[in-house]
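In the two assemblies presented below, chain A is common to both, partnered first by chain B and then by chain C.
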Partner chain A sequence: MRGTSSRKPKIGVFFCTCKGSIGKNVDLNELESRVKENPDVVLCIRHDKLCEKDGQAFLKDQISNTDVDRIVLVGCTPRTYEEVINKGALEAGINRHLVEHVNIRELCEWIHPDEKSATEKAVFLVLGSIARVAFAQEVLDKQVILKNNNVLIIGGGIAGITSALELIKNEISVHLVEKTDKLGGRAYELDTQRLSEEDVILPNINELIKSDKFHVMLESEVVDVNGTLGDYKVKIASKDKEEELDVGAIVIATGSELFDAIRILEYKYDDADVIDFFELEKMLVKDEVKVPSSGEIPKRINFIQCVGSRDENKGNAHCSLVCCTYAIKQAAKIKILYPDTEVYIHYMDLRGPECGFEEYFLDAQKKGVNFIRGRVAEIQKDGKNLILRTEHIELGDIMSLPSDLVVLSVGQQASVETQKLADMVHLPLDKDGFLGYYNDRFEILDRRGISIAGCAQGPRGVARSISDAKKAVREIAGIMKKGFTARSIHSVIDETRCAGCRICEELCPYEAIYMKNVKDHVTEESRLISSVNLAVCQGCGACAMACPGGVPQLIGYSNKEILAQIDELI
Partner chain B sequence: MSSDSIKSALVIGGGVAGMQASLDLANYGIQTFLVERQEELGGRAYKLSRTYRTHECKSDGCCMDYCRECIFTPKFGELFQNENIEIMLGTEVDDISGEPGNFQITLNTGGETRNLNVNAIIMATGSTTFDADKIKEYGHDRYDDVITFLELEKMIVSQRGEAESFARPSDGKIPETVNFLLCVGSRDSNKGNQHCSIVCCTYAIGQAKDLKTKYPDMEVYIHYMDLRAAYRGFEEFYKEAQEIGVQFIRGRVASVQKDNWDLVVSTENIDSGELMEIKSDLVVLTVGQEPHRGSDKIAESLNLALQSNGFVFGNGTKGIAVAGCALGPRGIRYSVEDAKRAALEIADFLDGGEVVEGN
Partner chain C sequence: MVTEAQPKENEVVSDDKEGDFEPKIIGFLCNWCSYTGADLAGVSRLQYPPNFIPIRVMCTGAVDPVYVIKALLEGADSVLVAGCHPGDCHYLSGNFKARRRIAILKKLLENLGLEERRIRLEWISASEGQKFADTVNEMVKETKKMGPNPIKKEWDI
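Right, the complex of A and B next:
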């Protein structure tokens, strides 16, 4: 690492012409001559393509052959190329805080067609960055190790179980909180025909229970979550007691819940012979289907798809993905059990996102399952018989179908628990009320050590829940075992100058600032001052703005740097 | 050739899945060889003008175009710079032998062969699109203005930046009526493949929306069987398309013929039962995905079983992982997810210490 101790900064300026695409509107010669006037600039050089292998080698060569200690890279957008181009500079021993990236391609070359204004703007931008980098200070990366390595898993469904297993394999202690009195969730109740991976549930549970790193709390609920990555304090209420757990990270695997069909009055879910697919599944596990009211084998069964799905007025706008596959599976099995029973499936669009669905669908058709396109209008009761009123969209007919048993394929929706929990840990819900795509969008640090697994992210099948959970947990395991590198931009508080007024603590949107006791260096009395939790600080700068004494400073954005840059720009 | 301590892996295929898998493997400290048959990386995804994210992903608010340059170029940079990755373009795999932990690979770069020892393999050979010429009724082989959705993407990419032009291939006129035909070669066991390709509905709606937004007077029809993409956010995507005036007609199109000068799309609107003939200036065939030629050979030499639709079964052999469209049709997002999972599997396998020492 090169020292920056000498008073006078030695700045190297590299121009990248982006394979000749910069230089038509921006006059690079003029720009270079203006840059060279600055006494701090010791190197000013041009290259065709700094982002490629030879460009990087060139960059490293130039840095090691001269005594520059700060770099300004002038070229394209830092949004996509900053890391790629900076790499060479970092490898040559320049600290990442001493590298500035100026975009004169998008900001000057492409949008200013006349040479004068393009060049003028480029000159200001580059000189501004040179002025700024002259005041930049070297900061080394900080490695942060977490205090607490236990992980809390909320939800004992298939996603929760898989997460627990994966964590235990990595020798991390796991606390699992489950609302009901047994593990396994909805997947545990399913008949096995469609899902080959389903039979992993029971052996997995048994393996979990044997492990001494697994602590399970059944019939319990999380009521409060405080703290942050590495230091969560979670209040858990069981039947008779309330206890507090200290954990380092949290996996939310609260799953989804089934739509309550009673909300759609026309489908008469309160009638004994109108059941949802989950109740049918419980019958199919025993290989027998009976009409609940009479106990006889049904002669006509109607499946109604999209109950509460794709229906903004009475249910949810989203599609639940798995119901078409389920209904077809159930219908085909009923046809195998009772070949004489008439089976109808009323659908809007048949959707099976997985491979093999088409064969499955054709197989059901061959077995004699009838598919009718149209949303069922209502179910009427005529004496003891149920009558479905629907339109066969393809024929344009209005049909009345008598039925012994009606199965409602209810969709999945965000569970109340997920929503409560999201509130506790301050996560945004998406428009359907799920914690969707949260894992993919944000790094584990940005998520404060919270991962989402399974149906809490949105409707999905067993197989995807399992692979989801494995991926979500892998990140947590890494951070629990090895710690992490703190963000390069974060707030720093000078302990001797902080007066402990707590303005920044209240203001910080990420709750990254906490108060700690220190001994005053003059009076030797103990007093409270603010301190920054590096695991959480996002480098937003709110504390730096608010402090009446200007004590917190954002690395890379100190007042000196910013003012120097502004001076050049105006 | 493989040294004692450094573990190595071969990634076959340089599409999005192969690229992501290579990057992840390299980041796990595994020496990675990336082999691509074509002369450039990026696969089919690189040919698209932009990716259609439905409402599921709006985290990145500053640019909604997601042009390929923004997504791919930095990735290419990372790949070519990474010291753990060796990229071999224009190279095919001739032979694979050995066992998990110690595979012997013969590579062929334009006639030159090279032998390689690796500890693990990721197969990311991808899929190919259905050849629209096989369905004669749609006239892809006869009429210039019947194009596949990839050709439409190519048109959009090549005409990007030119002022407001969207010229059809035959005479350079801006089409007034465009028909999108879905499920071309999909869900059709007689002339094409039985499986559904999952991504085509989203793509067609995305393209139709783009056209309709750019040219509000253009008549845009989408002929579909079932509207499928069930992923979240799609429902709103679909509704938006309906609201801006894209017309959805349910029914498989019978034929596309030329009547004097115009193309005529003949179909039955299943919902209303009427037979329709729509004059069309441009017909876009949304062809499905099917297994890549040559991927079955590789699957065989890796002892991987094939599904009934010709795609590869992913699970099974240790030290071998499959990612991306080789497993079946899927979109970019799922290919990338797959690749991350596959790289994890391989890293776990190689971590497990079951590496058989090389010769």
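Right, the complex of A and C next:
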């Protein structure tokens, strides 16, 4: 079987004794002499600790001084020191795929006290790897350069704008799709964002519009997404036309929507004097608060927290994180505008995820805002007056509070558009309906080039949306500019042998396989074959296994290598 | 399905006496869970018989049935395929693919005249060193009961 290899491999076998830890049960002398019998082995040498500095130098020296072209390292498990030990070999000019590790410490030395059988097993393990490495192929790391390097941003809220700005700073052209007729989203309406000196929205929008790399599509919606990283085709429907865009990556910044308070009947949101915090914010921007029905300055204002949040029966199960901070801000501002107005905040728990919340809260208390712990049962209407029926948990009392204006602190919830988009790009939704990454344990960036910024992945405030957006585009910006190195273990398809049956395309869990047209090398006719998108391939080997012809092969784990190893083991 | 011990099979008369027969078991271990589990068994010094020889693969979904058949035809007495628990696959769904393939392979094996118990599929996570050792122990015991792989005698490949 070994005759199939065109050139006789020259294999160097290095034994690491792990500072004497290996060699008590496994007879290294016997092992060495058995390994030396293999005709492919030209070097067989022992060292105390290959993972340390002098071990590395030793490895490098030995490889440089001899003509070995493949290495078998016998010692501990590759799961711990593979990269470290490989370094010495790589520096000596050996390709990383021509290095094989044999684990005789965890799999032999430490578990088999009987010297004879432990040594026997170790011999099999080492010979198996020698047979395997003889078939290993040298593969250089591949730099992936993408076909398109522009980015589509879906959503023109604060997260979308920040993402666009960051990308444009990196000289990447951006297409932004926004469903409403203006940029800025909900954050644009917020008092502090518009009027404070640290204004973030307007200057950013103005800066964007000036840039020639920024293309905006207002009143448009994404209707279809196809393709993979570097080659997305996105269909976008505007009012009167439908167009297709070629983009390299996608940032989803569709945001969230506000809970519709009409769903909770007891709170009488249909009454003119019951408003949500967003309507109040619009009044506060103009520095005046009036009771909508009468047009007078309100004497008593009641805020109701957690409307539609933390309420599985009538609203959403999650906490919206920002409503407590918003309500306190608004209450404090009302106290500044109208010191005589009584302001009450009815809460279950005050939650402030950001640093500085407590100071904010204490400041509002000093200004005279009243905090009442207890859930409001209902709002009654007595003639013209609103009356809140509520409990005061700290006093253990039930009370009726007259009120001129009631403000409902509605929470954020996942928007319908986001959920539609999730279907298009195959992203999972969490139990609250927000977007989630495929598997957050391993990679920050979805290898398919889809990033999520802002409220689409859960409720958050302006500050966090901005930092979120910066994080989301950082990696995308790097990849779009420079491309990146593909994983060292990936699938390789032999173009001449692929018949284009598309089994692998269907089985690939990462959609890394796409079909492309090539000219047949015999008939010179054009035909479809599979090809691997190295940007996305993770090296699982599903395609290699599924192919009836064995055309795709995983580097380092090809059929030849594994079958040769099985041959040797038995 | 031959899951209950059948007296006939247990009394396979082989050239080796039952006490002397040392089976050879090949194991395909997924790099992310079961191989690490085997490492943990080593680190925890959990002893198991040396009849088991592991081969590292990236994912159980990349274990071609050909590998298993090849091992059996070459004369391995049993084959273990071990990977991440369902839902925990490093590559999202590789272990589900393996599960289907092994189910079919077992049927195929019966037709070849081999006991389906010669193939075993186990989910062993990186933290289950004890489970790994137990699995190997059980397999060695069971393979000893089954006797040597008949193919080894009948075919000489």
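The definition used in the following text is that the second predicted complex is superposed on the first by the 405 of 570 C-alpha atoms of A that agree within 3 Å, B and C clash if a C-alpha of one lies under 4 Å from a C-alpha of the other, contacts with A are read in each partner's own complex, and residues count from 1 in each chain.
By our rule, a contact is a pair of C-beta atoms (placed from the backbone, for glycine too) under 8 Å apart; a residue touches a chain by one contact, two chains touch by 3 or more.
On a predicted model such as this, the values are computed, not experimentally measured, just so you know.
By the touch criterion stated above, A:203 is placed in contact with neither chain B nor chain C. Once the two complexes are laid over each other on the shared chain, residue contacts for A:428 go to neither chain B nor chain C.
Legend: residue contacts after superposition of the two complexes on their common chain; A:106 is shown touching chain C, with no touch to chain B.
Comparing the two interfaces of chain A, the one with chain B and the one with chain C have no residue in common.
Chain contact summary for the complex, chain B toward chain A: residues 55-57, 59, 70, 73-74, 77-78, 80-81, 187, 194-196, 198, 226-236, 270-273, 307-309, 311, 327-329, 337, 340-341, 344. Interface residues of chain A facing chain C in the complex, by the touch rule stated above, are 77-79, 103, 105-108, 110-114, 117-118, 120-121, 124-125, 128, 438-439, 442, 489, 507, 509-510, 538-542, 544-545, 554, 557, 559, 562-563, 565-567, 569-570.
Listing the residues of chain A that touch chain B in their complex gives 51-53, 56, 80-81, 83-84, 87, 310, 317-321, 349-359, 362, 393-396, 430-432, 434, 436-437, 440-441, 458-459, 467, 470-471, 474.
Taken together, the chain C residues at the contact with chain A in this complex read 24, 26, 31, 35-36, 38-39, 41-43, 45-48, 50, 53-59, 61-64, 66-67, 70-71, 74-76, 90-94, 97, 133.
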